[in-house]
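So, here's a batch of structures to check.
Consider the two complexes below, in which chain A is the common component and chain B and chain C are the respective partners.
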Partner chain A sequence: MFSPPIDILLIFALTTPLIGWLLERIKKVQLCGVYASIGLMISLWYIYELFGNISSGGAQTFTSFFSSQLRIDMLGIFMATIFVLIGIFASVYSLRYMERDTGVPLFYSLLLLMISGMVGTVFAGDFFTFFVFWEMMCISSYTLVAFRKQRWEPIEAAFKYLIMSSAGSATLLFGMSILYGICGTLNFQGLHMALSNVGSSVWLYVSAIFILIGLGVKSAIVPLHTWLPDAHSAAPSPISAMLSGVVVETGIYAICRVGFTVLTGIEVEWLSVLAILSLVTMFVGNLTPLLQTDLKRLLAYSSIGHIGYMLAGLATGTVLGLTGTLMHIFNHGIMKGAAFLCAGMILYRLETREMKEMAGIGRKMPITAAIFALSLFALTGMPPLNGFISELTIIMATVEANMAWLGIAVIVNSVISAAYYLRTIKALLQPISHKKVEEAKEGPLVMLIPLLIMAALIVVLGIFPDTLINFARSAAIALLGGG
Partner chain B sequence: MTIELAPWLCWAMPTIGSVVHFVLPKSLGRARYAAVALFSFVAWMMALLMIFSMPSHGYEELRGFWFSLPEGASVGIGILLDSLSIILANLVAFLSFLILVYSFKYMEGEPGEDRYWFFMSLFIGGMLMLILANNFIFFFIGWKIVGLCSFGLIGHYYTDDKKYWIGGPPPHPFQKPSRCGLKALLVTTFGDVALLGGIIIIYLYSGTFNFVELYESASVWLSKMAETPGILTITTLLLLAGPFAKSAQFPFHEWLPEAMAGPTPVSALIHAATMVKAGVYFVARVLPIFYFGAWLAVPNIQEALVFFVVVASVGGFTAFLAGTQAMVALELKKALAYSTMSVIGYMMLSLGVAGMSPTALVEGFTSGIFHLINHGIFKAALFLCAGVLIHASHSIYITDMNFSRKEMKFTWAFMWIASLALIGIPPLSGFWSKDGILLSCLESGQYALFALAALTVAVTSFYTIRFMGIMFHKGHSEGNSHGGHVGEPSIVMLIPYGILAVLTVGIGLVGPWMKEALSGLFSEQFHDLHLISAENVAHASASPAAEVVPIAASLAMILIGAFPAYRAYIAHKLEVSSIINRHGLLKGLHNFLWNRWYMDSFFNNVFVKPVLASREPTAKYIEGGMDLALNVGIPKLFGQINNNIRKLQTGILSVNMLYILGFMLILIIAFLLLGVF
Partner chain C sequence: MIETPHYLVFSFTLYMIGIYCLVTKRNMIRLLLGIEILINAANFNFISLASSIPGLIDPLALSIVTVSIGLAASVSAVAVIIIVYAYRHYGTLDVRMLKRLKG
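Take a look at the complex of A and B:
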C-alpha cells in the first residue's frame, strides 16, 4: 500500500483496539502496549531496509491508493527514523506510565496513528497525500492531548490546540489550492517544474503566506506558538515527549520540503523572512521560561527556543545549515524526549509539576535525576553532548552563509537558556522540603530502560557524531539536490 | 590471543583494574587489592609479550579511530610500537607490579586504601597509555592522567594530620600533604599547558598529531616553520616546558622534593621510577624530528639546535643543582628526591648532547635510555628500602635513624647495592650508563658539560655515602631515638626490593653487552628513519683512548666525593658540624644549599605572594562591581523582559486567533518589503 513502514503502523494501529479488547478479557490490558511497541520496532526494521535500498538506488517514487503519490528519499528516511525511534521510547515508557488510565488500547492506537501520519507526511510525494497524512497526525494528536478527559486542563488545552491548528490547516489547504490553480498539479516535482517555468507572481506570494501560516502553527513559530505551552504540558508525558520531540519538527520538515522543493522561485525572500522569524522565535522561546515554575511548561517553552535554532539553520539555505537543522531535529528529539520522560517520571511519583514541590527529588530518584540533568545539559549545548554538535553546526553554517548575526543570536540564546536549565537542575538538588519527596523512590525499570538508552545516545552521539552527520548530510543533499 | 591485542591490553588492564576493588564485594577484605595487583601483573605479561613482537625494523602502528577534525586530520587511539616504547612499557609494567606487591603489605591499615589503589592502578594505565600512544593527543591524555593521579597520591593524607607533615625539623617550616599535592599539580599543569600550546603550533604547520607522520613529513613542515625566524624556538621552548615540569627539571623542579608527602610506594613508583621519566620519554620521542632538522634538512635549520642546547644545559645544570641540595638534606626521602632530579638531569643531558654533534646520536640516546632503565630499578629499590626504614624508626629524618646492619642484614645489603649503583661504582648497573653519558659529552665536544657532569659524580658519591653512613653507621648503638620496631620487614616487602637489588647487580655484570644491544636496536631504528647512514649502524666506535677518559674521570670524581664523606660519616674522623661552624664560607654555603639555592622562596615571592596579595583588592573593587552588574543587574533585566514577554501568553483563544491574523500581516509586510519592490 503506502510502503511497508506505514503499512505496518496502520495495521497495528487498527488491530490494537481488537487485541486490547481480547486482553481485557484476561485482565492483561497493559500488554497491548507491548504489541504496539513490537509494531513500531518492525516498522523501524523496514525503515532500515528502505535506507539500504535508497542509499544504493536513489529515491523511490510510486503511486498508491486514490492515485496518491509517494516519494521516499533520504530526507524522508531520516525523519521517519527519528519519529519511530522516539515512538518506541514513548510506547515502552507508557507501559507503566499509563497503567492507571482507562482506554489504554485506544491510547496506543492513537499513538500509532499519529506516528503513521508523521511517517506518511515525510514519505508523501504530492501535496494531497501530504495533507491527508498531516491531518491524520493532527487529529490523533488533539485526541491524545485530551486523553485524560476527566480533567479540565487537558480538555481546555486540546480545544485550544484544535482550534488554532485547524485554522492553520485551513490556511494550508487554501495555499495549496492556489498553487493548484497556478500549476494544475499537486505533485512536488511537478510543482517545482511548473513554477520554474511560470516565474513568480503575486498569487505565488499569497500562496506562500498561507502555507507558511499553516505550517507555522504546527511548528509553533512565534506568534503562532500560543497553543504549544498549554498542549505540551497538559498531555500525558510520553505524548509531550512525542509532541515536543517530533510532531513539532514535522512542521519544520514541511517548511523544508515546501521551501526547497516547491517555492524555489522565491527562495531569497522566503529565507530572509525565516531568518527574522527564527530570531524572534528563539528569543521568545528562551526568555519566557526564565521564571516559569511549572516543569513541563518550562520544557514546552524551551522547545519553542529550539525551533528557533532549527529555523536559523534552515534560513541559511545551505547544505551545511540544513545538515545542522536535521541533526538538531534528531538530537532535540532525543534530548527533549528524555527530558519530558524524566519530568513524567517525577510526575508519576509525586503527581506535581511545580518545581518547588519537587525540591530534592534528585536524592530520592538518582538515576532519573542524573538522566534529566544530562538531557538538560545537552539542551544547553554543553560539549561533549549531542546538542553541542548540532548547535555548533548551525552556528558554523550561519557564519559560512554571511549571517553571523543569527549565529551570535543562537549563542546568546544558549546562554540565556542555561539560566533556566540550571535552575531546574538546582531544583533537583535542593534540600528536601516536601513530605511526598521524602517518600518517593526510583521509578520502575520499564520506564527507566528507554531513558537509559536515550541518555546513552545523548553521550554517544556527542562523542562520535560522524555517523549522524553523514546521515543528516545525505538527507540535506537529497533535499537540495533532489530538486 | 593475537600479538596485536597485547599493547591494547597492556594499558587497558590497569585502567580497568583501578575500579576492580570497588566492584568486588567488601567481604573479600584486602584480597580485593590483590586483584588490582593481578591486573597490573597481566599488563606486565602483555608488555613481555610485546618484546616478541618487536618490529625488526622501524615502527609498527596499530590504529584505532576516534574522531576527525575539520581540516581532515584524524585523532585516534592508536599504538606505536618501536624499541623505545616497548622497552619503557616493560620497565614501567614490571616496576609497577613489584611496587604494588610491596604496597600490599605497606599500606595495610593506612587510611583511604581504596582511594590509594584506584589512583595507583589508574596511574599505571595512564603511564602505559602515554608510552604506547602513536599521536600527541592520546599521549597527552595519558600524560594528564598520570599528572592527576600524582596529585591525588601526593595528597593521599589529605586530612593533614601532623604526623604526615614533611619539612622541618623545627625551626624550619613544615609542609602539609594537601599543599604539596597542589603545588605539584600547579607546577606540572603550567608545563602541560605550554606543551599543549607547542603541540597545537606543530599541528598548525604539519596538519597531523601522529608521531610517525611527523617524522616522515619533518622535512616539509620543519622548513615551513623555519621560514619565520623565532617560531621554531618558541615551539621548542613550549614543548620542553611540559617534560621539564613533569621530570622536575630547572626551573620547574621545586615540586618534587615536596611530592614526598605521599606514601612511600607512591614516591617509589611515581616520583622516582616512572612518572618523572615521562618527560625523558617525551624528549626521546620527539628527538628524531629536531635531529633531522638540525643536521639532515637541506639547508640545515639552525634553530632546531635550540632543542638540544636547552635540553643538555638544563639537564646538566639540574643534575648539579639537585645533587648539591641532596648533600645537606636531613629527610631521607627528600635526599632521594633530590637525587632523582639529579639523575634525570643526567638523562636529559645525555639526550641533549646526542643532538649537539652529528656523531653522538646513538651513544647519547642509548646512554640516556640505559640510565633511565638502571635508575628506575635502583631508585625504586632505594625508595622501597626507605619506606621500611621510615616505618621502623617512625621518623622521616636520617639523623633520627640508627640501625645496625646486623638487625636488618638484607635491607642493609640491598640498600648499599642500590646506593653504590647510584654512585656509579663498577661493575654495578649505574656505572655503565653514567660512563656512557660522560663519553657522549666528550664525543659531542661539550667539554663544559662534561666537567659539570663529572663534578656532579663527586657530589653524588658524597651525598649517597652521607645518608647511608648516618643511617647505618652511627658507630654507637643506643637504639633508635624513637624506639620503633627494628628488624627485617615482612617477606612480601623484602622480596620486591630484593629482586630489584639483584637486578641491579645482574645488569651491572652484563652492562657492556646490554648497552651494545640497546645501541644496536636504536641505531637500526634511526637508520630506518634515515637519520644515520648504513655504515654507522655497525656502531660508531670511539678510539680506546677516548673511552678511557670518562672512566678515569668518573672513578677519580667518585673518590674525591667519597673520601670526605667516608671520613665524616662512616669512620667518624671528622666532626662535620664543628667544621661548618668554624668556617663562615662553609656555613654560608650550607645555608644556601639548605634553602635550595633560594629558588623556592624566589618562586613563592614572585608568583605566589603577589597573587595572594592581589586577592583582597580584586575581590573588593573588581569582583564587587562585576557581581553587582552581572549577578544582580542582568537577572533583574531578564526578569523584567520575561514579565513583559509573558503577556503574549494570554491563554485567551480569541486573542490567539488574532495573532494568526497578525502573523499574516507581518508576512505580507515582510514579503512586500523584500520581494515585490
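Take a look at the complex of A and C:
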C-alpha cells in the first residue's frame, strides 16, 4: 500500500492491541512489546532491501490507490534507518520500563504509529502525503507524552505541546495552501519545476515564512522552543529518547527537503535566516541547562543546543555541510537516546529526576553510569566518540563556506556544554548521601541490552566513521543533486 | 462574482483571528477553538485557490481539504481528552493555572 516498511509498521500498529487483548487473558501482557519489536525489526529489514534497490537503481516512486505518492531516495532511507533503529531500542527498553503502567498494548501501538508516521514523512513524494504522515506522528506523540495521565505533569506538558505544535501544523498547512495557489500542484518534483519557471515572487516569500514557522515549531528552533523541555522531560523515558533523538530531527529533515527542493529560488535568503537562528538556538540551548537541576530537563535543553549545530551545517547549503548535519542527526539520535534511556534507568530505580538526590548512583549502578558518562562525553564532542566526527564535519563545512563565525560558535558551545555535562557526571560519582541510593541496584538486563548496543555504536561510529560518512554523503547528494 | 484577492484577505483575517484567540484567551476550550480556526483558514485558502482558474475546480484541493478536516477532528479529539484530564487534576479550565512547569 505505502511501500513495505510503512505497511509492516502500520499492520503491527493495528494488530498490537488485539495481540495485547489476547495476552491479557493469559496474564502475559508485557509480551506484546516483543511483538512490536519484531515488527520494527522486520521493517528495518525491508528498509535494508530498499536501500539495496535504491543504491543500484536510483529513487523509487510508489503510487497507491489513495493516490498518495511516495518517492523514496537515499535521504529517505537514511532517515528511516535511524528512526526504526532508535524505535527498536526504545521498544525493547520499554519491555521492563513500562511494566508498572496500564494500557501497555496501546503504548506499543502508539509507538509504532509514531514511527510509521515518521517513516512516511521521510518517504513522502508530495507535500500533502508529507502533511498527513506528519500529523500522524504529531497526534501519536501528543498522546504518548500524556501517557501517564494519572500525574499532573505529563498532562500539563502535553497540553502545551499540543497547542504549540498543532498551531505550527496549521501554519504549515496555510503555507502549503499559498504554495498550491502559486503552482497548482503539491508534488515536490512538480513544485521544483514550476517554481524554477515562475521565479521568486512576494507570495513565495510569504509561503516560505509560513512553512518555516510551521516546521520550526516542531524542530524547536529558538523562539518556538518553549514546549520542548516540558514535553521531553514529562514523557516516559523511552518516549523522551524517541522525541529528543528522532522526532525533533524530522523537523530538520523537513526543512532540508522543503528548502532544497521547493525554495531553491530564494535559497540565499532562507539560508542566512537559518544561520542566524542556528546561532541563537545554540546559545539558548547551551546556556539554559547550566541552571537546571532536573536531569531529564537538562538533557531536553541540550537537545535544543544540538538542533543549533544541525542548523549550522544546514545553513552552509553545501554537500559537506549537509553531510555533517545528517551525520549529526544519526549520531545525536544514538547519543541522546542512550543518555535519556540511562536517565530513565536511574528514574526507574530511584523514582527521582533531581540530580542532588541521585548523588553517588554511579557506585551502585556502574554499567548504567558508565554508559551515561560515555554518551555525555560523546554529546560534548570528545575525540574518539561519534559526536566529535559529526561536529568536526559541521565546523569544517562552515569554514569551507566562508561562515567561520558559525563554526567558532559551534566550538564555543561545545565548551559551554562540557560544563553541564561534566557537572552531571560529577553528580553520578559523588559520595552517596541519600538512603534510596544506598539500596539501589543495577538495572534489569532487558533494559541494559539496548544501552550496551548503543554504547558500542557510539564507540564504533567514532573510530570507524567511514561507512556512516559515505551513507550521509550519498543522502546529501540525493537531496542537492536529484532535487 | 467575488475575486480571488477577496478570498485571500478573508483567509488571512481568519488566520489572524486564530492567532489572536491563541494569544489572548485563557480558557482551554477556547484555545482549541483557536487551533480549529487556524486550520479552517488554511482549508478555506485551499478551496478558494482551487477555483482561481475560471471554469475549473481542481479536485486535488477538495480532497486535501476533506482529509485535513479529518486530521483536525483527530487533533481536537486528543485535545479534548487532555483537557478533561487537566480539569480533573486542576479543577479549572483556566490555562493560567497550568504553570507548575518552569525553568
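Criterion: the second predicted complex is superposed on the first by the 482 of 483 C-alpha atoms of A that agree within 3 Å, B and C clash if a C-alpha of one lies under 4 Å from a C-alpha of the other, contacts with A are read in each partner's own complex, and residues count from 1 in each chain.
Keep in mind that, in the parts below, a residue touches a chain if its C-beta (ideal position, glycine included) is under 8 Å from a C-beta of that chain, and two chains touch if they have at least 3 such contacts.
Quick caveat: nothing in here was measured; it's all calculated off a predicted structure.
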(request) Go through the superposed model and pick first if A:A419 touches only chain B, second if only chain C, both, or neither. (result) first
(message) Tell me the contact category for A:L173 with respect to chain B and chain C: first, second, both or neither.
(response) second
(request) Would you sort A:P229 into first (chain B), second (chain C), both or neither based on which partner it touches? (result) both
(request) Name the contact category of A:W152: first (chain B only), second (chain C only), both, or neither. (result) second
(request) Quick one: classify A:I266 as touching chain B (first), chain C (second), both or neither. (result) first
(request) Could you tell me if A:K160 is touching chain B, chain C, both of them or neither one (first, second, both, neither)? (result) both
(request) May I ask you to decide whether A:L287 touches chain B, chain C, both, or neither, giving the answer as first, second, both or neither? (result) first
(message) Counting contacts the way the document defines them, which residues of chain A are shared by the two interfaces, the one with chain B and the one with chain C?
(response) 159-160, 163, 167, 171, 229-230, 291
(message) Looking at the complex, which residues from chain C come into contact with chain A?
(response) 11, 15, 18-19, 22, 28, 31-32, 34-35, 38-39, 41-43, 45-46, 49, 52, 58, 60-61, 64, 67-68, 71, 74-75, 78-79, 81-83, 85-86, 89-90, 95, 98, 100-101, 103
(request) Would you pull the chain A residues touching chain C in the complex into a rising list? (result) 128, 131-132, 135, 138-139, 142-143, 146, 149, 152-153, 155-160, 162-163, 166-167, 169-171, 173-174, 176-178, 180-181, 184-186, 229-230, 234, 291-292, 294, 297
(request) Would you tell me which residues of chain B are touching chain A in their complex? (result) 67-68, 635, 638-639, 641-643, 645-646, 648-651, 653, 656-657, 659-660, 662-664, 667-668, 670-671, 674-676
(request) Report the residues of chain A in contact with chain B in the complex, numbered from low to high. (result) 159-160, 163-164, 167-168, 171, 200, 202, 205, 208-209, 212-213, 216-217, 221-224, 226-227, 229-230, 266, 268-269, 272-273, 276, 284, 287-288, 290-291, 416, 419, 463-466
